[in-house]
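Submitted below is the structure of interest, expressed as C-alpha cells.
Chains: A, B, C, D and E, in written order; residue numbering restarts at 1 for each.
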Amino acid sequence: MRVAESNLTATTHSFRELRLRGVSRSFGKAIALKELDLTLYAGEFVALLGPSGCGKSTALNCLAGLLPLTGGEIWKDEQRIDTLPPERRGFGMVFQSYALFPHLTIQRNVEFGLRMRGVRLVQRRSRAAEALRTVKLADHAHKRPAELSGGQQQRVAIARALAIEPDIILMDEPLSNLDASLRVELRTEIKRLHQSLGLSTLYVTHDQEEALSLADRVVILRDGRVEQSGPPATVYSRPASPYVAAFMGYRNLFTARATAAAGPGDTVSVHRDGYVFQATAVAGVQAGAEVTLAIRPDEVTVGEGGANQITLATEVVEFMGREIQVQGRMRDGQVLLLRTGSDVVPGDSVPVRLPRERLLAFGQVDG
Amino acid sequence: MSRTISRLGKLTFTSVITWSAAACFILVLVSLFASVVLEAFSTEWRGGWWPAGFTVDWFAEAWHAGVGDALVTTVQAAVAVVVIALSVGVPAGYALARRSFPGKSVVVLLLLLPVMLPPLTYAVQLTALLYRIGLGGSLAGVIIANLVPTVPLVVLITIPFVQRISPEIENAARVFGANTFRLLVRVLAPLLRPGIFAAAMLVMVRMLGSFELTFFVANQQSQTLVVTLYGAAADPAGPPPPLIAAMAVFYMGLAVVLLIAGLRYVNPADAVTARRI
Amino acid sequence: APTRGGGEDTTAPEKPAQPITLTVLDGGGDLATNKLLIENFVKARPELVASVRYETASAPDTVGKLKAQQAAGAVDIGLLLGGTDVLGGAIEQKIVRQLLPSLSAHLPDLNSLQDDGRRQLQTMAQGYGVECVYTPSGPVLAFDPAKTSAPRTPQALLEWAKANPGKFSYAQPANSGSGRTFLMSLPYLLGDSNPADPVGGWAKTWAYLKELGRYVSSYPASSTILAKQFGDGSLGLIPTIVAHDVSNRQNGTWSPATQVALFDNQAWVADAHYMMVPNGVSPQTLYVVLELMKWVLRHDQQVLTYSQGVLTTAIAGTSVDQADAAGKEFVAKWGRKDFYPAAFANGVIKPPLAPSDQLKAFDMWSREVGSRAGG
Amino acid sequence: MTTGTLAGAESRRRSWRAALAERGVDTVLLLLIPAVAVIAMLFLYPYVYGLMISLQPLEGGSAFANYESFFSDPYLRETIWYTLRLALPAAVVSVAFAFPLAYRMRRAFRGRTLIIGLFVLPMTFGSVLLAAGMTQIFAPNGWINLSLDAIGLPRGSFLYNYTGTFIALLLSTVPFSFLLLVGMFAAVDRRIEDAAATLGAGPAARFWHVLFPLMVPGLMTALTLAIVEAFAVFPSAVLIGQPDNATHVMSIPLYQAAQQRFDYGNASAIAVVMTVVELVVLGVLFGIRSRLYAGPSASGKG
Amino acid sequence: MRVAESNLTATTHSFRELRLRGVSRSFGKAIALKELDLTLYAGEFVALLGPSGCGKSTALNCLAGLLPLTGGEIWKDEQRIDTLPPERRGFGMVFQSYALFPHLTIQRNVEFGLRMRGVRLVQRRSRAAEALRTVKLADHAHKRPAELSGGQQQRVAIARALAIEPDIILMDEPLSNLDASLRVELRTEIKRLHQSLGLSTLYVTHDQEEALSLADRVVILRDGRVEQSGPPATVYSRPASPYVAAFMGYRNLFTARATAAAGPGDTVSVHRDGYVFQATAVAGVQAGAEVTLAIRPDEVTVGEGGANQITLATEVVEFMGREIQVQGRMRDGQVLLLRTGSDVVPGDSVPVRLPRERLLAFGQVDG
C-alpha cells in the first residue's frame, strides 16, 4: 500500500522481530506443522495463506502459546518465548471460532483483556466503546454472544483483540463471515490501526484480495511448510510453483513440453495440442522436459491477433458481475477458463490469446 | 418461548410417564415435609390424617436444648466448609479434567476413597490428629474435619462440568492475559456455575448431615445442629417425637433458606451456551 | 498429668484454687434426671465450679469421642455419664479411670447407700463408675385395654402373637433398652439352664424367640420407633420398660389409657447408669468431680429426682413421700401409683448381662432371630 | 563460554519441560496440590492407620484374621450381596428417574425453578429426618396408606423392609442426580440438537443419539455418587429397613464392630472389603466411561 | 449459468413452491425479520444476500423450523408447514456455526441424517463416503470434529447436509472459511448436485461473486425485509436502491442534483462540484431533486476523452492483484475509488471518466 502523505510516524516497537525456527507440531501421527521457519518483523503485516487444513491456525496457536510445540523454537529478539504461557506473551488474537466468552456481555467481552491488564474502569469503558464503534457494534454492547448473528460475533472477536492494542496481533480469518462492503470497511480499519498503533500483524485469510491489499508480505503455506514468501505483487505475478499459482488464482494449469531450455525469467517455447506457445519460465527449464503452464482466467483475452493464439469451444458461461466466466475446451479436451466482458454464448468457437508475459511455465513439477 | 410452550404442551407417552413419576415423587416429598412440620406443632399424633392438637411448645423446648447456638455454629461452619471445599476442589477438578498425566489414576483413587468410606472408619484417628494439633473442640477443627469427605465430592462433580466447556474459550482467556487463577475465577467459575451449585449443595448437605466427624471434633460451643439433634435423639427414654420434629424443622428451615438463597443466584438449568443462530 | 492411650491414671485429686469449668458428656440420657442435681451443686459450691457444659450423644459415639481425645492426650471432658453399654465400652477401651477402691476415701460409702439390687449393678462397674441411676427396668407388656388383654406367661404371649400376626413386636435388642430387657428376662421366665450365658445356656430362649418371630413382621430399629408403632395402633402388644411407659404417655405418643402388665413369674432386669471419670483429667477436675459425685448421692438430692421422671432412686431408703411437691405430683400423675410400687416388689430382680455377653447375645439374636423376621 | 553453557542448560531445561508438558505435566497440576494436601494430611494417615489395625486382630491370630472371619461367616459375607442388591438398583433407578426430568428442565417454563427447588428439597433433610418423616407418612395408617384406602387401592407395606430402605435411598440420591444432570443438560449446545432435527431426528432420536451420548460423563458421575451414597446406606437401612435381614448391608456389621464392640480393627477390615467391592463396581463404570465421549458439548464457531 | 448441453433433466420435484408469507421474528424488542415475503420455486437456486445482522440466518432458521415465527406463515404448496417440527420438514441445512456433533466421528456425523431415515448400513457408508469425497475429506473420516481445522469442519457440515439429498437445502455461508480455489471447486460441486438432484437451494452468502455465479435469483435483504429480488445480472447492473448498489460493489456513492426530470432508464443530467454528469436514472427523478450517484470502482476508467470527465487527486494506491485500487478525491473532497491496470502513484492528478451507462442515479434517497 502506498500512501500519499505517509501517516506512518516512526512508531517505536517493543521488539524487532519474532522468529519461528523449525517449529513443528504434530497431532498423534498427523503432522500439522513441519519445521516452519517464519519471521515477523516489527510493524509488519504478514498474510498467511494456504488451503484448508494446511496448518495456518496451528501456526497461530503455537505462536500464541496455546499449543505446545513438538519441535523448534520461537524467539522474540533475544528472548525465547515458546516456553512462556500464553498470558505472558501479550499477543492479541482473533480466533477462527471466535471463542467469545458466552457468559459475558459484548461490552465485557471486549473489556476482558483490558481488565486482565489492570486498566481502570473509565479507561476500559472508553476503549471498549471505541473498539465496538470500530466494528460497528456499539448498539449491541449489552447483548450476550448468543444473541448475535455470526458476523456480529466475528466482529466482537475482532474488537476484543483490537481493544488491548497489543504489539503483535494474530488474526485467523477475521472477516470471513462478513459481507463484502463491511469487509472492505473493516479491512481499511484494520490497516489503519495497524499503521497508527504500529501493530505487527499475522493475518490468516483465504481471501486473496484481502491478502494482497493488506499485507506487506504474503506467506503461502503448504502442508505445514512455507512454500513461498514475498511481497504481494511478487507472489501474485511470480508464484514460485504451480501450487502457489493455483492458490493465486491461476486456475488454468496444464502441462506442455518445452522445446528448448530456458533460464528463470526467460521466454520459453513449449508445445501442446499442436500449438506452440511462448511462455515465461519461472525457474530453469530443460529442453524436452514437461512443464506446467499457468494462467489466470482474467489474463486470457478474447480476440484474434498476436501470438499464443488458440481456439476454444465454449461450454459453460457463468455470470460474474462485470464479466462473465467462460469455460471452454482446447482441441485435445483440456479445459480453459477465461473471463471476459464480451458476449460469449455456450457452443461458440472463440479465438483467445494467452499473453506470453502472463503465461508462466514451471519446470519440474513437484508434489 | 412460544416454542417451549408448544413443545411442553405436547403430551407424549414418555412425557406422561416422566411427569407423573415426578408428580408422585413431589407428592411424597411434600407430604414428608409437611408431616414433619405438622408433627412439630402437634400435641400428639398417633396416626390418622391429622394430629390431635396443636402447640408451639416443642419449639420452645428445642430452643432450650441449645438449638439457637447450634444454628449459628452450623451456618458458620457450613459456609466455611462450602467456601473452602469449593476453592480447593474446583481447581483440582479442573486440573483432573484437562490434563492426563502419569499417576493420575492414583490421585483419582486418593480422592475417591474419602467419599467411599463411612466417616466412622477414620473419624477417631482424624479427631485424635486434630486434638493433637490443638484444634479439637474448636470451630476450626469442625471445619477442617468436614473437608475430608467434601473436597473429593467437589472434585468429582467438577470434572464432567469442566469437560463440557470448549477449550477454545479457555484459550481465548489465556491469550487475553488471564493467568490460571483469573481463568478459574473470571471465566471457568461463571461457566461452571451449575456444577459449582450442585457441588455446593452436596457439600452443604454432607456438612449439615455429617454427624460423626462433627460430634467427635466439636465441643458444646462448636457443635452443629445435627449434633444437637442426635444428642436429643439419643435419649434412651425415647425423646418425644414432636420434639425431634421441632428440631428437625429448625434444621430443615436452615437448609431450605440456604437452598432458596442458592437458587436465587444460580439457576442450575440456565445455560450459558444458549441457542445461537 | 494426662496419660495417653489408656495407661493407668494415678492422678491424685487436688482442690482447685479457682473455680473450674466442668464438661459433662452424657451418653445415656442421664442428664434428664441428674442435671438438676448438678445445677444444685454448682449453686452450692461456687468456689469449685464456675459453670458446666453439657454434651449429649448416643453411647457408642461418646466412647469414640473420648477415645479420640485420649489418643491425642487432650481430654476436656470431666464427667462421663452412661449406662452399662457406655461403661462396658469405656472399660474395654481403657478410657475411664478406676475410682474404686483407690479413691474410695473421696467418695461416700456405697455399701451403706445401696441395697442388694443396687449393689449388684455397682459391682458390674468394677470400680470404674459410680451408680447414679437405678431402676428395675422391665419387661412390662404394654397394651390397650379397650382392645385386648395382656397375656400372663410367655406361652400365652406366643399364643397371642399367633392369633394376631404382625401385631406383636419388640425393638432390636442391640439398639434398644426395651428389646434387650425383654431378651435378658426371657431365660429367667423360661427357666433356661444358664441365664448368664447367652451362647451355651439359652436354648429355650432362642427356640422361643424363633417361634415367636414367625408372627412378627419386622423388628423396629429402636424403642422410639416401636413406641410410635404402638402409639399409632400398628402394633397391639409390645414389651417395654418402665421409663418408656412413663415417657411415652407423658409426651403423648401413647394414649393415656394404655395399660401395662407383668408376667406371672416376673423376672425384672435391672438397669443402672454410672458416673465415670475419663483418664487424663486434671487433679483439680478430678477433685471437683468426686465432690460432685458425693453431692449427687446425697439423700436430699436423690429425692429430688422423683420430679425428674424416676420411680426409683440411685440409693436405697428413699420413697416418694420424701419427694418435693413436684416429685409427688409427677409420680401421682404418671407413675401408676397403684401398680409400680407393688410390681417392683413382685418377682425377682436380676442384673443385666455383662456388656461383652450382651454383645454376644445381640449378635446371636441378629443371626438366629432378626434375620428371619416375618418368616 | 559461560553464557553458552548457561543457555545450553537453560534450553535443556526447557525442552525437558516441553516434554513433560506434552505428557500433561505442567503448572496446571499445581492446582491439585491443595486438594491432594488436604486429603493426604487429613485422610491418609487415619486411613492407613485403619488399614494397619485391620491387620492386627483383637483376638490375635493371623494378620488377616479379621478378613478371614468376614469371609468365612456367611451371615457377614452375604452383606456384600445385600448391599449390592440395594445400592445398585437404587443408584440406577435414581439416575434413570432424574435423567428424563432433568432433560425437561432445559426448556424455560413457568415454575421450573419451583420444580427444581422441590426436587432438591430432600437434600435438606438429614437421614434421620427422612426416616422420621417416612415412618410418619408410610405408616400402616399414615397418609400414604390412608390415601390408598381412599382411592380404593390395597394398602402397601412400605416400612421396615427392602422397599422402605429403597425409597429412602431414592429420596436422597434422586435430588442429587437431578441437580447434577440439570446442570449437565444446560451445557449442551442447543444448535447441535437443532442440527439433528434438520437431519430428521425426532425428539426421541435427538435424545438418544445426541443428548444422551453428550450426557454420559455427567451420568457416570451421578451414578458414581449415587452408588457411593447408596453403599454407605446406614441410617435408612437400620431405621426403616430390616437391618438383620433384607437390608443387612455391609455398613451394619461395620457399625456394630466399631460402635458396639469397639473393635476398630475389625471395622476397618469390613470398610476395606466394602471399599474394594465399591471400587470394583466403579472400576467397571469407569472402564465403560473411558470408552465413551468426554469432551466439549459444543463444536464449531461461536 | 448457461450450459451448452443442458444436463438439467426434467427432475420431478416433490413440491412446486415454498412460500414465506409475512414472516416475522423478533427477539424481545429487537425485530430480526419484518413481514418477509419470499418464494422459492422447486429446483430454483436462490441466493440470500445482505449485510451482517440483517436477518439471513434468522430467515433460514425460521424456514427450517428451529425458531418459531412471531408472525406470518410458511406454505409448501397447499400445506402450511410453519407448525411442523424441524425433523418433519425434511430440509437439509448447513449451519453458519457448523453445529457438528462433537461426540461423533466425521463419518458418523455425515451418516447421521441417513441413519435417522433408516438407510441401511452399507448404503449409508457408501453415501457418506461419497459426500466426504465431494468435500475432499475422505481421509479424515475417522476423526472427531475437534480434531479438524475450521475449513474442514465447515466442509463436514456441507457433506452432512448433502448426504441426505433433501428436496430443499438451506445453506448459511457454507464456504466462508475455505480458500479461494477450494471454494470455487465446491461451488461447482454444489451447483452440480443442485442440478443433478434437482435440489431447491436457499443459499446465504456474503460473497457477491458466489451469489452471482450460483444463483438463479438473488434476494437482497435489508433489516429483515426483501429490498430487491431478481436475476443476478439485473440485481448487479440495475440495483433498485443505493442500498443494493452499495451491496453490489457500487462503492462510489455520492449525491448530486438533477438538472432536469427523467423517467426510469432515461439519461439524466446532474451536477456536482462544478461538473455536469450524464447518468442513467434508475427510477423517476424530478428536476432539482437530490439524487444519489453510484458507480463501481472498476467501471471508472482512467484516461482523457469522452463525457463525464473529472480529475482526481490520488491519495492511496492499493495492490489488488491484476489491478490496483486507487483512492482519489474530487475537487470538493468527495472520495472516489477506482480500479485500473495502469500505473498510478499517490499524489498524482489523474483524469478519469464515469461512463454514463454505468453511472446510476437514484432519486428519493430512503433510509
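Criterion: a contact is a pair of C-beta atoms (placed from the backbone, for glycine too) under 8 Å apart; a residue touches a chain by one contact, two chains touch by 3 or more.
These numbers come from a predicted model, not from an experiment.
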{"item": "Chain hops separating chain C from chain A, counting only touching neighbours", "value": "2"}
{"item": "Reference chain A; chain at largest CA-centroid distance", "value": "C"}
{"item": "By count of C-beta pairs in contact, the leading pair of chains", "value": "B-D"}
{"item": "Chain D-chain E separation of Cα centroids, rounded to whole Å", "value": "54"}
{"item": "Centre distance in Å when chain C and chain D are each reduced to the mean of their C-alpha atoms", "value": "39"}
{"item": "Centre distance in Å when chain C and chain E are each reduced to the mean of their C-alpha atoms", "value": "91"}
{"item": "Shared-contact residues (touching 2 or more other chains) in chain A", "value": "85, 96-97, 100, 145-146, 148-150, 153"}
{"item": "Where chain D touches two or more other chains, by residue", "value": "27, 139-142, 189, 191, 194, 203, 258-259, 295-302"}
{"item": "Shared-contact residues (touching 2 or more other chains) in chain B", "value": "47-48, 120, 123-125, 129, 166, 230, 233, 241, 272-277"}
{"item": "Complex contacts: residues of chain D adjacent to chain C", "value": "75, 135, 139-142, 157, 159-161, 238-245, 248, 256, 258-262"}
{"item": "Sites on chain D touched by chain E in the complex", "value": "189, 191-192, 194-203, 205-206, 209-210, 213-214, 293, 295-302"}
{"item": "Of chain B, residues touching chain A in the complex", "value": "166, 168-169, 171-179, 182, 186-187, 190-191, 272-277"}
{"item": "In the complex, chain C residues that touch chain D", "value": "60-61, 63-64, 67, 85, 89, 92-93, 172, 174-175, 217-222, 225, 228-229, 232-234, 359, 362-363, 366-367, 369-374"}
{"item": "In the complex with chain B, residue positions of chain D that touch it", "value": "23-32, 34-36, 38-40, 42-47, 49-50, 97, 100-101, 104-109, 112-113, 115-130, 132-134, 136-137, 139-144, 146, 167, 171, 174, 176, 179-180, 182-191, 194, 203-204, 217-218, 220-221, 224-225, 228, 231-232, 234, 251, 254-255, 258-259, 264, 267-268, 271, 274-275, 278-279, 282, 294-299, 302"}
